[in-house]
Amino acid sequence: MVDSGDTAWILTSTALVLFMTLPGLALFYAGLVQSKNILSVLMQCVAIACLASVLWVVVGYSLAFTGGNALVGGLSKAFLTGVSRDGVVDGTGIPETLFIMFQMTFAIITPALILGAYVERIKFSFVMLFSGLWLLVVYAPVTHWVWGGGWLADMGVLDFAGGIVVHVTAGVSAAVVVWKLGARPGFPDQVRPPHAPWLVMVGASMLWVGWFGFNAGSALAAGTDASMAMLVTHLSACVASLVWMGIEWMKFGKPSLVGLVTGTIAGLATITPASGFVGPAGGICLGFVGGFLCYFAVDFVKSRCKLDDSLDVLAVHGVGGATGTLLAAVFVSTSFGGVGFAEGATMGSQFGVQVLGVVATIVWSAAASLLLLKIVQAICGLRVSDDDVIEGLDFTSHGEKGYHL
Amino acid sequence: MVDSGDTAWILTSTALVLFMTLPGLALFYAGLVQSKNILSVLMQCVAIACLASVLWVVVGYSLAFTGGNALVGGLSKAFLTGVSRDGVVDGTGIPETLFIMFQMTFAIITPALILGAYVERIKFSFVMLFSGLWLLVVYAPVTHWVWGGGWLADMGVLDFAGGIVVHVTAGVSAAVVVWKLGARPGFPDQVRPPHAPWLVMVGASMLWVGWFGFNAGSALAAGTDASMAMLVTHLSACVASLVWMGIEWMKFGKPSLVGLVTGTIAGLATITPASGFVGPAGGICLGFVGGFLCYFAVDFVKSRCKLDDSLDVLAVHGVGGATGTLLAAVFVSTSFGGVGFAEGATMGSQFGVQVLGVVATIVWSAAASLLLLKIVQAICGLRVSDDDVIEGLDFTSHGEKGYHL
Amino acid sequence: MVDSGDTAWILTSTALVLFMTLPGLALFYAGLVQSKNILSVLMQCVAIACLASVLWVVVGYSLAFTGGNALVGGLSKAFLTGVSRDGVVDGTGIPETLFIMFQMTFAIITPALILGAYVERIKFSFVMLFSGLWLLVVYAPVTHWVWGGGWLADMGVLDFAGGIVVHVTAGVSAAVVVWKLGARPGFPDQVRPPHAPWLVMVGASMLWVGWFGFNAGSALAAGTDASMAMLVTHLSACVASLVWMGIEWMKFGKPSLVGLVTGTIAGLATITPASGFVGPAGGICLGFVGGFLCYFAVDFVKSRCKLDDSLDVLAVHGVGGATGTLLAAVFVSTSFGGVGFAEGATMGSQFGVQVLGVVATIVWSAAASLLLLKIVQAICGLRVSDDDVIEGLDFTSHGEKGYHL
Amino acid sequence: MKWIVAIIQPHRLDAVRDALNELDIAGLTVTEVRGYGRQKGQTEIYRGAEYQISYLPKLKLELAVDAKVATKVVDTIREAAGTGKIGDGKIFVLDLKSAVRIRTGETGTDAL
Amino acid sequence: MKWIVAIIQPHRLDAVRDALNELDIAGLTVTEVRGYGRQKGQTEIYRGAEYQISYLPKLKLELAVDAKVATKVVDTIREAAGTGKIGDGKIFVLDLKSAVRIRTGETGTDAL
Amino acid sequence: MKWIVAIIQPHRLDAVRDALNELDIAGLTVTEVRGYGRQKGQTEIYRGAEYQISYLPKLKLELAVDAKVATKVVDTIREAAGTGKIGDGKIFVLDLKSAVRIRTGETGTDAL
């Protein structure tokens, strides 16, 4: 039966998660690019959101959440056939239409996360085509594995709100695209600083608030699970922010705003898979580890791997999400204030499952993304001309300018 | 009896709908004007919101939602006399104080929508006086007709969340004001482009998220109706956005951000009256038709009618709202996944009622707006001097500048 | 027992109150400073939020909300020991973890409010150290007095959502810091105007919407109390805005946007302590008085007291919060539509308690803040060099620039 | 050749350019500047306090022209930019020694 | 007449104008510019990466003055703008052939 | 001494500065300007309506140089800034009467 309180909370959570992408993530990314590319980033976010929503209803939801086999769902709910106006999701008090909508907001933000990697030089047509295919080929199946009754779910993998499903898939695929796309001119030495750090903070704040819907909403009910998930999510964000700030303060003598809020996002990504399973101590520890690892991952990806993952999708989302997924196996333990292991599972066995989940997702995301990239590249190309890069995508791809002051 | 879940959702929806105006709509409009007029737009939005709220409590709510006659409500709840702290709205689980507040946010955004037509040249005193009177003379009665037990309600008109009440009234009145106010200098050839397309996107995103409160909140309960309303609202927004983007891409070779998000708003306005009655197929179709019609309406109003409806209130809100109202009679049918017709109604009969509702509202809005305009013009004038237009309303009307970079 | 509806609303309210600080208050303040200090303001807000959250969990919540004595709580819930995952707050339907989280958002915004006083010249290390100590020494005890079963609670003081706890503490402490810190160069004649009035409006709008969570959330339930609290909160905001606008219009011939939204904040601060006790008439009257008094307080503090309380924390928050606290004793009366006095209390006796509460809080906030300031100053200093003030804190303290257009 | 520098009110730009177009003056460069002169600054009021904005927004036009037409150009600008109000601005003329068009390498008046 | 161009540190503007006011120099035009010279650029750090900002914000002042007072004006600016630190800027002087006040049509030193 | 004013395409700035560095030209001042010339303006389209942006973003470089190197500097800028496309810009040369370094008071070519 529909529970009005649970439904109220998931309706709200859906609004919050959409708000994460529009305008949260969009502004977070837009502030980090040069002023001549601000509109292209915003446009990519909105257009991906629209496309992903339509695809989700057409076939994505069905592929992710209907029976099917261990690897991918079936087509029984394609075009939402068979979804009744009054249907309730089994074991919850919320309507299925709401569940579709809530999950849709996840299907929106995940391909949008990837765009942080390829901004300032990508073709808009590539973005559209690749994101659409990616949703069906990478996102929907992995969602099925973890949340839709697929093989990882069967093994009891822990991923409360999308460490694997959202952050690992996006981070890895981002790296693959960058690897083939190449760097922005001047990378790594002469890249220009973020054109509007203040906008980065605004976006990060919106992501933070919206993340309450993401993690606490994933409880699918308004009760103690959602409450604890919100608390640990917030704590992880705070601790990771302070860690990042502390490192910068010690290293450069000046803590920066962009650094601080990047720490926030790192903490949020890290807690995500564990948010429904751990207690406050777990939240604090995950924030600490996530902030620390992501900080050094940023440098590693750029300096060592020479990947111009422009807005650090792999280093922040990929590394954070994977870290949280693995550590969930530790902090779920009641000794750390977590909810405890499933019957028959131990920390060791659970950790094994988590590793398997992360690795399998990395492999599939990388392989499928590479394949899709090749296909889409063949159809419409990948990169705009150097002249267009210099003039900026706002004008060359969209015929507009961000600022007429 | 009060249902805590339903109340939770309408409390949230109220916050969301206020957020649509402040700062959503304000930013959407502010980004479209020149930088020298940004503050005047924001100021008009906030001031209208304050004034409308006070008037709503004083007499607006009573005129809209108490018995009265078929044309207008009575004064029995003027100053909220007779509204008790514990009263519950009949047939719902929410307190009457909350219903007053929820409806107030609709009474705020509707006159604020109109301002998109007259920006960059209007007198601030005109805005205040006109908006206040308009609320009482146009908005409150039409609300009574449709939602307050008036003659259209009696005929069974379908308007779930305000296609007639909000969008048609605003769109038509906007056109009337522009007709008398005249165009901005340089219209149509030498008008300046939007000074901050990125801000337009931010505003549109906030409108989008807030619209979930607008449409799904209009169910006045947190259940399957609200859930489906949210889903179809979102789908319509997405499809209309893609349609607008597609048209621009084909026509100009470059899809623009302002175009994309204008499509979003068109889709949202179009689905509004139908949002509680249709299914996913209806949402998609309405988005498609709305995006398409509004696109061409923009050009029609500006080029053919030579109306400098500066931010396209008529073409986007008026046309979208009317389209959705008419098509609600089609997609409400269970054959398209809707909730079905009321007893005794057929598609033909329902369509007749919808047409009547739209036409009556157009006539009343136009006539009353014209009358009010004449009165207010006589009292305090309509248009600022040409010098003030050139210097910008921010400084000349409000003594401030938007940007001191 | 957990009530899902109440929990849904408090989960939402928590998100709303966090949104008030991040990015609401941050933007409100950031728009008011010069463009070279925008990032420093945002950074202070975020960093305070992170620090306060961690301290709240470590010991703040325990000091505020556990038994202890009349002056301060105990340490029994330090590190949230003894808080169980399933615990429910006595007399409510919400989990204790959620209550901790909801109250945490109050503990975040209060020290953040203070920063409005000292922007554009403060040392970042001072901000961090002072805010942390202040939370434990001023905020937590005063919260205990009023909401945690301390001596003011025993006397029956009325403070629904934090007139005393939030606004008086912050306003007074702000004034103390400014008194020792000194003014910005050029104060009062040659201070530069707000660099982005539009951003001030955006922040104010977010504060407004978020304040619904602050005040209506303080009912800790989704019912008639929350609904009425939302309604009166909104009315007070509207009326105070119109009052401020009216005064400026009469005095200068031009009403300004910054003025209008400052009125909004004044109205919101004023209604806060009374919001759960009064009716619509009370809301309107409090808005009127609050708008009026705060307007003249701004001038008084700056011109008479010669205090460069840069963004008017004392004059708007302190004066507004105190005014509302005192007038709560009047408008709580059923004759004005309020909920009525507690058994045995009269308007006179209640007023006495309110005065006592305000005065005691002023004294304690001032004395403790002064002491903390001296200590922190000795440790890390107070004010950056004049050269740094001229160059701007964004670059000198954080190594970044707000705008690269 | 002459180097003409004109400080004008921002809203006169279109008028000036239209007038110059009729003289067949094809090129010019515009800069946003802030001017200080006899015209009193503006006052902005925030929360009751007055802020004196002593620099006013102006546009600076720079044109390289053949010496023969310099006087005519100055007169044209003066007419188009003038509103008769204080703060209308000034026109200054300097000697220009040489000019080169980057694209072609043309020099002298051919480069203008 | 002389055309004086001074590149100064932004925060010295008020001092320079106060000093010029005492000389009765009533008009000047200010432009925000970015300077490149001996002064080393600033470094901004984002997410651990250093961004070299090689151009520094400066203000350019342009004043048309009577030739007789030009030296005095240059000295005055130099004193008021100087802090002794690298990056203080330069003052350049060019010949000015003519000047016109748009509002009145006055020319020569009357126009200044 | 000479006062060189170059209007160039924004994206050529780095190339020009690198080239000047090789000539040991240490100082220059850059201003963002909007240019009007033969190059056709851009068209932005919003909601179906075309907006003609007739002024194009350009950068103005100003350099004071010793008269002896002026020609070399002009040639160098021309080469580095040229792309062969319309809108590449112009270089203008004026006489510079004097120069002072604010920090030290040095004058003439020492001040550059």
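Labels for the chains are A, B, C, D, E and F, by order of writing; each one numbers its residues from 1.
Definition applied: contacts are C-beta pairs under 8 Å (C-beta built on N, C-alpha and C of every residue); 3 or more make two chains touch, one makes a residue touch a chain.
From a predicted model like this one, the values you see are computed outputs, not experimental measurements.
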| item | value |
| --- | --- |
| Third chains touching both chain D and chain C | B, E |
| Which of B-F and B-D has more C-beta contact pairs | B-F |
| Inter-chain centre distance, chain C versus chain E - centres from mean C-alpha coordinates, in Å | 45 |
| Distance from the mean Cα position of chain D to that of chain A, given in whole angstrom | 52 |
| Contacts with 2+ other chains: residues of chain E | 31, 44-46, 94-95 |
| Interface hub residues of chain C, defined as touching at least two other chains | 3-6, 8-9, 12, 192-194, 197, 222, 252, 254, 256, 258, 399-401, 403, 405 |
| Topology of the chain contact graph, where touching chains are joined (line, ring, star, complete, other) | other |
| Interchain pairs in contact, sorted by label | A-B, A-C, A-E, A-F, B-C, B-D, B-F, C-D, C-E, D-E, D-F, E-F |
| Footprint of chain C on chain B - complex, ascending | 2-9, 11-12, 14-15, 18-19, 22-23, 26-27, 30, 38-39, 42-43, 46-47, 49-51, 53-54, 57, 79-80, 83, 85-86, 94-95, 97-98, 100-101, 104, 124, 222, 397-405 |
| Footprint of chain F on chain B - complex, ascending | 188, 190-194, 197, 248, 251-252, 254, 256, 258-259, 262, 295, 298-299, 302, 312 |
| Contacting residues of chain E [partner chain F, same complex] | 2, 5-8, 31-38, 55, 58, 60, 74, 77-78, 81-95 |
| Chain C partner contacts - residues on chain E that touch it in the complex | 11, 42-46 |
| Contact set on chain B toward chain A in their complex | 3-6, 8-9, 12, 16, 34-35, 93, 192-198, 201-202, 205-206, 208-209, 212-213, 216, 221-224, 226-228, 230-231, 234-235, 237-239, 241-242, 245, 252, 254-258, 260-261, 264, 279-280, 284, 339, 403, 405 |
